[in-house]
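Letters A, B, C and D mark the chains as written, and numbering starts fresh at 1 in each.
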Amino acid sequence: MEKILEVKNLRKTFYKNRSPFPAVEDVSFHLMKGECLGLVGESGCGKSTAARLIAGLLEADRGSVGLEGEEILGQKGKKKRDVYTKLQMVFQTPQDSFDPRRTLGDGIMESMRNRGMKKDRARERMYRLLEQVELDRSFGDRYPYEVSGGECQRAAIARALAVDPLLVICDEATSALDVTVQAQIVELLKRLQRERKLSLLFICHDLALVQHMCQRVLVMYQGKIIEQGTADEVIQRPREAYTRTLVDSVL
Amino acid sequence: MTQPLLEIANMEVCYFGKPVVRDLSLRIEPGEILGIVGESGSGKSTVIRAAMGLLKNGGAVTKGEIFYKGQRITHAGDRELGKLRGPEMGMVFQNPGASLCPVRTIEKQLYETVLEHEKTSRREIRERALEIFQNMGFSRGEEILKSYPFQLSGGMNQRAGIMMAMILKPTLLLADEPTSALDVTVQAQVVKEMMKMRETYGTAIVMVTHNIGLVEHMADKVAVMRQGSLVEYGTREEITGSPRQEYTKKLQKAVLRLNRGQR
Amino acid sequence: MKKYVFARLIQMIPILLGITLLSFILTNLSAADAVDIMESNQGIAMSAEEKNELRQELGLDRPVIQQYAAWLGNLLKGDMGESFVSGQPVLASFLSRLPATLSLTVASLLLTVGISIPLGILAAVRQNRFPDYLIRFFSFIGNSLPNFFAALLLIYFFSLKLKIFPVMGSAGGWKSIVLPAVTLALAMASKYVRQVRAAVLEELDQEYVQGARARGIREKRILFFSVLKASMLTIMNLLALSAGSLLGGTAIVESIFMWDGVGKMAVDAITMRDYPVIQAYVIWMAVIYVVINLAADLICHYLDPRIRLGQEGAQ
Amino acid sequence: MREKKTIVRKQKAPGKGIKLKLILWGSLALLILLTAAFAPYITPHDPYEQDLGRALWAPCREYLLGTDRYGRDMLSRVIMGARTSVFSAVLLVLITTVTGSVAGTVCGYHGGKLDTFLMRVSDVFLAFPGMVFAIAAASVLKGGLFGAVAALALISWPKYARIVRSQVMAIKNAPYMEAARLAGSGTVKIIFRHMLPNIAGPVVTTAVLDMGTMMMEIAGLSFLGLGAAPPAAEWGSMMSNGRSMLQTSPWVILAPGCAIFLTVMIFNLLGDTVRDLLDPRQRKKEELPL
């Protein structure tokens, strides 16, 4: 197996009223091809910031991010855009992740059109993607506020798949959904991962879900990765006191 | 048969003429914990808001009755309900920081609350508040009292909220998703503290939540709601052990459980 | 608190520099030469040489930035130049008229606050019921009425027809201030009453109101102790901001009612193209406006713990 | 975690009442604009023709709104005045909206030193009471009506810049913006395709609501003799000229005064309706609170 993502010494400090707040401190990890890696932690631990640093939505202060062995931090302009389309994200609030004035189909086709694909072909492909996420073709013409949270999240997954990404980052992709809907989305993600050999970085605060989805888990606390290992190792035999509290808090 | 604490009979609640709760009947006995579970849009929060007479704009109970200790409170005015709210029925909100006035300290609001209902000295109120914090197993009560809500974390605010609801020793505590805005570690503590409240004061609790795990953990009776209707209602053992309705089974199956392995 | 006041005062320096620079550029932008204006206004014919001498004397041949520095230096010493028309020092004649304007401003401000805050609260509490509709209707009318038209209407009805108040001037004692103050207050109150209503409604919509009800606290107590305190911040700031339209309105209203304040002085100066006077007017009004806003800011800072403790909204 | 407030603006079908209002006020506003556009063709008399023989006639059948002191027909002058007043207000609003939006978008999206500089500049402009500055600027610019428009534009753009900037900052980091960046869309595309359509609402609302205010301010400047020069028909200057005849011939004041009042009112009503239609907060209250 090859490493698809390698993150080294990633660091980001925010400033609030001039006092520094280290959001991500010296984070290093890697992700294998076809693997689902879980990243757990409570709110404010820096897991979403880490995701945005890797996806190029925020500028890192220091560190390196290698995608298939190629350094992607510090790229500029068109090159940056090309590199980063290989890396897609699924967001926590599905309805907010689609432009409220454009249809879901437009959102899914945007990346294809940006790569110069003809309109008809993009549309065809958009329909195929909708099928893969078990949505009707008609969803392509609907607006985000016209569909339910679960349907919208399916469309967001279709959008992420549109570019055949090397890596998909799910940032709390299921936590805003109702439990029954959540279960369906999780099944969908698992199926897609199996069928398309997808590599996933699965950011989540729900330990049970991470155990269900992921092979390996990273535990993040106050901007640092404090523990990592296979899901069962970390959950059943936590080494760190914080991880233990986290596990014990689950009802 | 004893008189139930709160009885809701065939209630229908409408917002802007559209029913969001239909034909709902529930009974809460003294000292019991009832968990109302449901997904978003199931109308679960509306049930307790209706009981408190705190439906938001455009909402009204359109059918059925609500009784508190045998007294009909279905369409009671603010004056009548004002006497019940606080000393009889307390409420804990989902977003604890937002349910307290942002520009006054917790202490000031605490005095305001108690003095509205009884004649007593500030010193005594203060002592009572600290005692409740103590009973929750929470030692930083002084600190909370002196603060403004925005200075406190979500967990601290929720403790302030629970203390504020318990200070008048209500017989019934209505809790609207009290833990869902909190981090898991804090969540577990708040649940423990609420259970302690029942042990110490014998308060009955109605707990509205989307988290079926939480209900299994603390409720005596469980009501499952879906799209405004009651799907299933029974003791915890009945609902979690052998659910009869498909929806309840689906709901339960959807909840992932942590495999803790052998320790 | 002291630290905050100090910081705010420091922050005012660039604003004041900006105000003076902008006013200076504005009045010096004028294509008409100051010397020519002086000549035509004072009616003395000057030879070209005399004019050049005068220009040198006034420093008009130097680069703009030097002129500004010199001018600013004089300004700090309290010298705002002399009127092209009367030759009198501008500052003295300005200060002698300022009390008239300030008394008018304060009167209309009091009137505005007295009308808008109670009505705004009433409209919010009785939202979408008769008092609300009535208040909104009148505020709408007031909002669409230009102040010069309102002034003329008031004069027509109350001075010419009913003969209750004097038509113009400030000779009639307290009666003479009523109409100009009402005119100014009318426009300002109509706008402000809507803002107060919106601010209170916004606050009433917050969950803590439900929270207080759930603890059995009386509606009146919730309104006066929690809601009003929390919305005070917005109400104060908006009041300070609307003081701007009030100060601007004085020019028109003073000149209609022949009220001998700085606004009328400025309007008279415009016809004579008496730039030093206009300059003084702009700077002074801006400074007064800035000071009002600063005061509002400091009061809010003092009253509102969210700002005082500097962690707004943090949970 | 569950309760993160959504930034999504729900575009629900507006209520019938609001649509009806929009049609009503919209068509009245259109009527005013058309009157202004075709003013020279619909005036019953020549608005500039003087005839001292019929000076200061009270309203009658021939001269519906009476005549002024030079015997000019007030109705025709009011109609002609619409042209000056309405068009200068439209021009003014367009100038300020465009410059303000450009400045605001650049500041909000780009940030950094340029943002700081432009915002400090706008702070200085905002430190002046609007009318005070406009009076001084108009008196210096001396361009008549054009001077008045320029003066008001100079003082009004910072408001739009502020509104647009805060809107841009609010949605700059919305998930759908991030999604667009992940889809490989460039800055220009993101601004024109995703940003501007989503912030247009508040800008349009402010612009329509400002129409009335701007009209009043232009008329105010003209009233002070800083806008349109006398023979030209303009509401503010017409009223200023008629001041001395208030007691004897009030129609000279009332006709242009009511014209301003009604026009401003119609644009304000239209503005309120547009705001109700576009303001997400207003609509949020209609949603079912469960």
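Basically, contacts are C-beta pairs under 8 Å (C-beta built on N, C-alpha and C of every residue); 3 or more make two chains touch, one makes a residue touch a chain.
If you're wondering where the values come from, they're calculated on a predicted model, not measured in any experiment.
Chain closest to the overall centre, judged by the mean of its C-alpha atoms against the mean of all protein C-alpha atoms: D. Inter-chain contacts peak for the pair C-D, counting C-beta pairs in contact. One simple way to say how far apart two chains are is to compare their mean CA positions; for chain B and chain D this gives 51 Å.
The distance from the centre of chain A to the centre of chain D, with each centre set as the mean of the Cα atoms, comes to 46 Å.
Shared interface positions of chain A, defined as residues touching 2 or more other chains, are 43, 205.
Residue positions of chain D with contacts to 2 or more other chains are 1-2, 285. Residues of chain B in contact with at least two other chains: 40, 56, 95, 210. If you check the complex, the residues on chain C that touch chain D are 14-15, 18-19, 22-23, 26-27, 29-32, 140-141, 143-149, 152-153, 155-156, 160, 205, 243-249, 251-252, 255-256, 266-267, 270-271, 273, 275, 278-279, 281-282, 285-286, 289-290. Residues 42-43, 178-183, 186, 205-209, 211-212, 232, 235-237, 245-251 of chain A are the ones touching chain B in the complex.
Against chain C, in their complex, chain D makes its touches with residues 120-121, 123-125, 127-137, 139-140, 142, 212, 216, 219-220, 223-226, 236, 239-240, 243, 246-247, 250, 253, 257, 260-262, 264-265, 268-269, 285.
Within the complex formed with chain A, the chain B residues making contact are 39-40, 183-185, 187-188, 191, 210-214, 216-217, 250-251, 253-263. On the chain C side of its complex with chain B, the touching residues are 206-208, 210-219, 221, 225-226, 229-230, 304-306, 309, 311-315.
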